[in-house]
Amino acid sequence: MADISINFAGIKSPNPYWLASAPPTNTGYQVQRAFAAGWGGAVWKTLCEPVLNVTSRFGGYHFNGQRVAGFNNIELVSDRPIEENLKEIYETKKRFPDRVIIASLMVEPERDKWHEIVKRVQDVGVDGFELNLGCPHGMSERGMGSAVGQHPDLVEKSTLYAKEVAEVPVITKLTPNITDITATAKAAQRGGADAVSMINTINSLIGVDIDTWSPIPNVNGKGAHGGYCGPAVKPIALNMIGECARQPDFHIPISGIGGISTWQDTVEFMLMGAGGVQICTAAMHHGFSIIDDLTEGLSNYLDDKGIASVSQLVGKSVEKYTDWSNLDLNHRIVARINNDICINCNKCHIACEDTSHQCIDMLVDENGNDYLKVREDDCVGCNLCSIVCPVEGAIDMVDLEPAEPPMSWNDRQAALQVMNSNS
Amino acid sequence: MALSSYDAFLSEKRQVDDLVKKGYIMTASKGTLDGDVVEFENKMTSDKKTIRLTHPDSRKYFTTLYIKQQEQMTE
Amino acid sequence: AEDMKKNFDESKPSFNAQEALDEANRCLYCYDAPCITACPTEINIPGFIKKIASGNLKGSAKTIMEANPIGASCARVCPTEELCEGACVLNHSTKPIMIGDLQRFATDWSIKNEQVLFKAGEKNGKQIAIVGSGPAGLSAARELGRLGYTVTIFEAKDEAGGLDTHGIVPFRLPKDISLWEVEQVKSLGVDIRTNTEVGKDIVAEDLVDNYDAVILAAGMGKVPMLGIEGEDLAGIYDAIDLVEEVKNGNYPTEFAGKRVAVIGAGNTAIDGATTAVRLGADSVKILYRRTEVEMSAYKFEYDFAKQDGVEFRWLVAPKRLIGDGSGHVKQMECVRMELKEAESDGRKRPIEIKGSEFLMDVDIVIKAIGQTRHHQLIEAFDLDHQGGVVKVDPVTFKTTEPKVYAAGDVVFAKGIGEAMAVSAAQQGKETAYAVHQQLKGSKEKV
Amino acid sequence: MADISINFAGIKSPNPYWLASAPPTNTGYQVQRAFAAGWGGAVWKTLCEPVLNVTSRFGGYHFNGQRVAGFNNIELVSDRPIEENLKEIYETKKRFPDRVIIASLMVEPERDKWHEIVKRVQDVGVDGFELNLGCPHGMSERGMGSAVGQHPDLVEKSTLYAKEVAEVPVITKLTPNITDITATAKAAQRGGADAVSMINTINSLIGVDIDTWSPIPNVNGKGAHGGYCGPAVKPIALNMIGECARQPDFHIPISGIGGISTWQDTVEFMLMGAGGVQICTAAMHHGFSIIDDLTEGLSNYLDDKGIASVSQLVGKSVEKYTDWSNLDLNHRIVARINNDICINCNKCHIACEDTSHQCIDMLVDENGNDYLKVREDDCVGCNLCSIVCPVEGAIDMVDLEPAEPPMSWNDRQAALQVMNSNS
Amino acid sequence: AEDMKKNFDESKPSFNAQEALDEANRCLYCYDAPCITACPTEINIPGFIKKIASGNLKGSAKTIMEANPIGASCARVCPTEELCEGACVLNHSTKPIMIGDLQRFATDWSIKNEQVLFKAGEKNGKQIAIVGSGPAGLSAARELGRLGYTVTIFEAKDEAGGLDTHGIVPFRLPKDISLWEVEQVKSLGVDIRTNTEVGKDIVAEDLVDNYDAVILAAGMGKVPMLGIEGEDLAGIYDAIDLVEEVKNGNYPTEFAGKRVAVIGAGNTAIDGATTAVRLGADSVKILYRRTEVEMSAYKFEYDFAKQDGVEFRWLVAPKRLIGDGSGHVKQMECVRMELKEAESDGRKRPIEIKGSEFLMDVDIVIKAIGQTRHHQLIEAFDLDHQGGVVKVDPVTFKTTEPKVYAAGDVVFAKGIGEAMAVSAAQQGKETAYAVHQQLKGSKEKV
């Protein structure tokens, strides 16, 4: 059986699954239940000067009858006094010494504030810190959360302050509500962060009640933007992780967060550069027991592939992630329909006809049976048909023997420059 | 059904191939709103020809061809 | 009696909102969907299903009823496995969408919410007479009403709706569903004159003379005589009459604990047999002179009857009915059959096996061997016909008489499966368009 | 029947549904099919100096067996010469004079380039322009798309250049890949835009193939970030629209885009401030025929509510959208379980127990039947239980009679300040 | 014969990947799920379903087989409507998850992919003997093997698996499924000595003397005699023997075109009757002396038989079998019954109606009125029993003899529904834990 333990920025965890800092890690009772269920670690609900919360906090985004494709919240950080939290952290760590507890912290970007909280918390014995610079609502009005996280200089400073006194690794948690996340990631690195974690939640409004015309969720009829998370944000998170991981001048580990709900998601995040993952929404939807399939599925996957340790996955796909202008313009794929498997729903036809390149013909064979065929010469290999096709295996996207050697946009620009400079 | 755009590509490609076969080489190109305007010159006759390539595949094609020619020249 | 009434409640539960939504979300919304083609009325099935999924139930019901004026009834009585659901592409990957159930969900919503879905067209001054208010007649009337015609339906019975109202067992199609459809048609200003039998209460000629066009949509008649000895004994029922009785809420008590034999193996036989079961019969046997393979009842009907405990006896034909002392049937003489080479209609011919006669104890016999034809009525209109099947042009539904059209069971020829309400409805629609085509033209000429 | 026509920034459309600038509006053939199906307008696939595209362009994000919860693409703008496009626009407009055609344009942020293209295009007769300043990949390397759209000054300039020569309304399309979209929205307004449209796609990577370890989609094994759209992005788009609409100094109309796939979504977008909507992914998934339910559903909704015209919806929820610090901290709601409807799946219990406030008890009644009950005193009204509950109506979130008058964070801060300044 | 073989292919198609995924995605993953509680082996049902949804099929199969060593067989033969699926919360909103079918999908995957799911524990030196390799014996052996015991199973038949291998009709449970489960147990090092009947090939005492514990899991015996005249005529079958024949691929030819009567109305009767249908019988009647309400066959079995065209005769009991000249049964004398006040087991008592005897023409009679008990074997072990039902402590499964345990049908008492493979498996597991509890303690003492 494969080894699924990780060493993340020096923090050893029996598996790569940590609960993200959020309601599931609000109390010792909860974190202990999680550890008993098998979670590798927990990032404690952000400690701060305790806040006040509103009631009505979360909104769910359901997709075609499947619940919680996305989730949003207008909750703030911990509303419990730090002392209680520390007592519970201490107890929990004592009961589960092999599990990871990371304390998430948030204060204003001032040196003494950071020093005070870091020192106080590390006394109870945590395995690391996560600096929450990303909370997208409520805290920013107070000069914290994303009001810090959206400014590289403040990110750098905050990290630096924490590092000055921290004796355990410091992870800087980044907000996705930013034009370029690599800028804050690098700022964290400059500040001395041992790692970064991403993503926090994305500014969102889950919906408007079309009967009452109030935002969802609402407090006494009024709403405010919340933070979006859950499966829907996975592609956004995965890109941000990939973008950071592929920066040549970015070297620290990344804790991957955002929409992870299966062991397969985990594999993807780790391949794209995450050294471990954090999960919130999936646990909130189904409870802590999901850890069972998360770990077993991962382990069976590694066994299947003959990989000894989960760490060997980390970053393996990063070199395949590049700028658009490096992609090969001469590469050609086309769609091919397997008429044996195809059920003739014609979704591919209408998708291509209405909204792509009009190259799937609906035909009738000599026996009078309907079938579909791609005119491969006209197919631009956009993938649309295979995406809308409801049947696994009915459409293959096939690599064609390249007619020409690879040429990227960059290659082409270079060649044109040569051509035009010669003239 | 919309026109098969592959035929459009083939006809533009043929123009390029014909010129090359006749000994023309590419000397310049310019991107415009209406496609790439490519200049050819026959080094033997000094004859110049300008064609406009509109189809994306032919616009890829002429640069690929140019890169190949460059490589042959450096060999 | 209350208990008995319960036995006749609609047997299949309707989808609840959650089930409807789940099922609607399973539909792929195919393009050029084969389910549409397979529906005789060509309902835009993915269209109405998508509207269920989006919460646009009114739009959904409208999509259905627009294509099929008796869409609420059809949702219950269509042999969907042979039609829309049988054609659903998901048969090839998982399981077909329950189109009928979704159709029922959407139309039920509109019944419950008392939606009037269509408006009459601006009156064009033309008058149309329709004979019969079954699926064919109603559908023709609905379309003509929307096109601006003044439509009068003549209906012999005291309630409109044809077999949907009177002939299909209530546990599959409650009467009020069909009557709602009748109301929808009435709301377009169509005048339905019930208790008015053409040929008796009003003569055919009058219609032809007084209307711009006449549509004959009188369906078929009763179950024919078996033509064997003893048919006049007590305890012999016509399946269609029996069903009409129970649909009117009259439940004959003499079935309880009795042995019932049903003659025939089509829709009507199944309806008769399952009605008998619900009336408390102890054992119900369907006797058919051919085999399982040839029977015209649909698979779902066959399964339904088997679950009801109905027993089947193949290759058996009745020869004689034998009465007890007081004139009530008590035995049936039967004979075994074998199948010989195919008849003209492609089905194998059943032949008596000489000497194989045997007696069967029965308390009640239900006849369900088809329906007679309205010869008299057809001849009153002077129409060409073939054994009571009115001859029409397959596209225009014109009969051999200039102003007279015919649609529905009255033009249904034997040997092509069972007659279906949905086909009658479609023919009604097409007839309306043909009439419009004709009269619109004539107007232009004027 | 309600009137569903709109007048958007002076552009009259028979219904609020326009196809967004994307593959569905690539050619005249397609746009004409769309108009025949009933679409109110089309924003033509962005015209530009024609680009080159890679093959393998799109990726689908499926959620629990439901296809295309999200969609991503690495396609660029139009790869067809402008001349052909103009010819087709002309023909299409001629065939469908009552429908809206907007030309989407993209050039470098230089005055003559904008002047040239605007003039040339408006000669064929379009109803308006949309300036594409948002394409998130491929174009930015060339100093266009989001390389412009992420800089308020360039947004303002580009808008201004276009406005200088445009004789029809100009809509500036904004990128969501930005820290604060209200900044670029206001920049567009300053530049003279008649309206803005939002959102373009969000940077994303739809997934990594866990067998080949290549990004999805990939070109010859390599991938690049693409743009995310489809249902999953709706909450992000809705927030951005709401945020802009509620700016006191922002007055121009908003064309809402992003994840709209039903008439209900449309109602939500319009309530939150959109004057009309644009759709791409939903049409790509199912073809143009979805317009049928989009218009009919909207119309039935308005009839149901007794609203005469769709325009009356616009912005009706905006005043209910505010800052977190204005929400009433004293408002209280709690969860209440309807045991008649509840099916005893216990999902609410475990969600609350593991990941919220441990206040749903699993109990047994006198007849030995299981039932669940919320300890309302401990319930913080977070909504989680009602979000995970699979049965409509089993959990109500109930407003409690307020024990105290409303007090927001801002009220509280003000009061504290008074208190402390008094001391 | 090839055709005949086809008749006996598994009748229910398995889920394809798409169906499995769709169904898995419907599961709510309840907490403290009632389906788990309703499964006698307490399989973590949401757990294994979630693993199907996530593509972790090996983990899914392991979750199933861990709780239930005969999980592949149970997926096919459990009366799921009464157990897991009957308890699914979705019964209250839409329709229950098809747990059995999903279980079959996951275990089939692991059969196809030749997965060995479990490893033997480190040997602890203790020896256990198990009599019988049915669900109970196999499950006990699997658990003991994992706990480090050296296990020997003695099995009288030439193939292991008990009734799963020999007794349940192949069209519900093909033999190879059960044999795969046997292999899984063998792969833990369990020694299965087939063709070894305890009490004949080896004496009971030897086991008690030579092993640290003995588990009696010998199930029940054949169908008992009816105790009526003519029972020795040709054409009289024991349902269990008949099924064993067809499971071994031997298809008696004498059923073709014949009238078959089956006596009894439990699992066995249904299996016997539907086997007869598949062997080509012309008509198959199940005769039961009580009514539909009292019959112990499950609803799904009853429905299945009705669909197969099996007919039911309630309140009828056989009195005498009458032979033709050559010693073959040709008629059965029956008597009608009526139900009187309840017996001790709560079921109403059937009483003959005097004078209601009648004759029924039959060509074949299948006896299916229960199973005999292994009195001799039980007494060889010197165990207390009640009419052949071994007395055990309900928690530890200890018999009245110190080292001897008993589980499965051998302890199954009448009057509590039908015996189930899944319960036998659970008892086998529990017995293993009890043995371990006992011996682990003894070790500590040493």
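Each chain gets a letter, A, B, C, D and E, in the order it is written, and its residues are counted from 1.
Following the convention adopted for this analysis, a contact is a pair of C-beta atoms (placed from the backbone, for glycine too) under 8 Å apart; a residue touches a chain by one contact, two chains touch by 3 or more.
Just so you know, these numbers come straight off a predicted model, no measurement behind them.
Listed here as common contacts of subunit C and subunit E: A, D. Farthest from subunit D in terms of Cα centroid separation is E. The most distant chain from subunit B is E, comparing centres defined as mean Cα coordinates.
Separating the CA-averaged centres of subunit A and subunit C is a span of 58 Å. One inter-chain figure worth recording: subunit B and subunit D are separated by 42 Å, centre to centre, where each centre is the mean of the chain's CA atoms.
Chain geometry summary: the mean Cα position of subunit C and that of subunit D are 50 Å apart. Under the contact definition stated at the top, the residues of subunit B that touch 2 or more other chains are 2, 60.
For subunit E, residues that reach two or more other chains under the stated contact definition are 18, 22, 25, 29, 31, 93.
Counting partner chains per residue, subunit D has residues 29-30, 52-53, 64-66, 264, 286-287, 289, 347, 350, 390-391 touching two or more of them. Looking at which chains touch one another, you get A-B, A-C, A-D, A-E, B-D, C-D, C-E, D-E.
Of all residues in subunit E, those touching subunit A in their complex are 17-18, 25, 29, 31, 47, 50-51, 54-56, 58-59.
By the touch criterion stated above, subunit D contacts subunit A in their complex at residues 22-24, 29-30, 33-34, 52-61, 63-72, 74-75, 137-138, 141, 150, 177-179, 202-208, 210, 213-215, 217-225, 228, 231-236, 238-240, 242-243, 264, 267-268, 271-272, 283-289, 301, 316-317, 320-329, 331-334, 347, 350-351, 353-356, 358, 380-384, 387-388, 390, 397, 399, 406, 409, 412. In the complex of the two chains, the subunit A residues touching subunit E come out as 66, 262-264, 286-287, 289-290, 292-293, 296-297, 300, 391-392.
On subunit D, the positions that touch subunit B within their shared complex are 27, 29-30, 47-53, 79-84, 116-117, 120. For subunit C in complex with subunit A, the residues that touch the partner chain are 21-22, 25, 28-34, 53, 89-90, 92-93.
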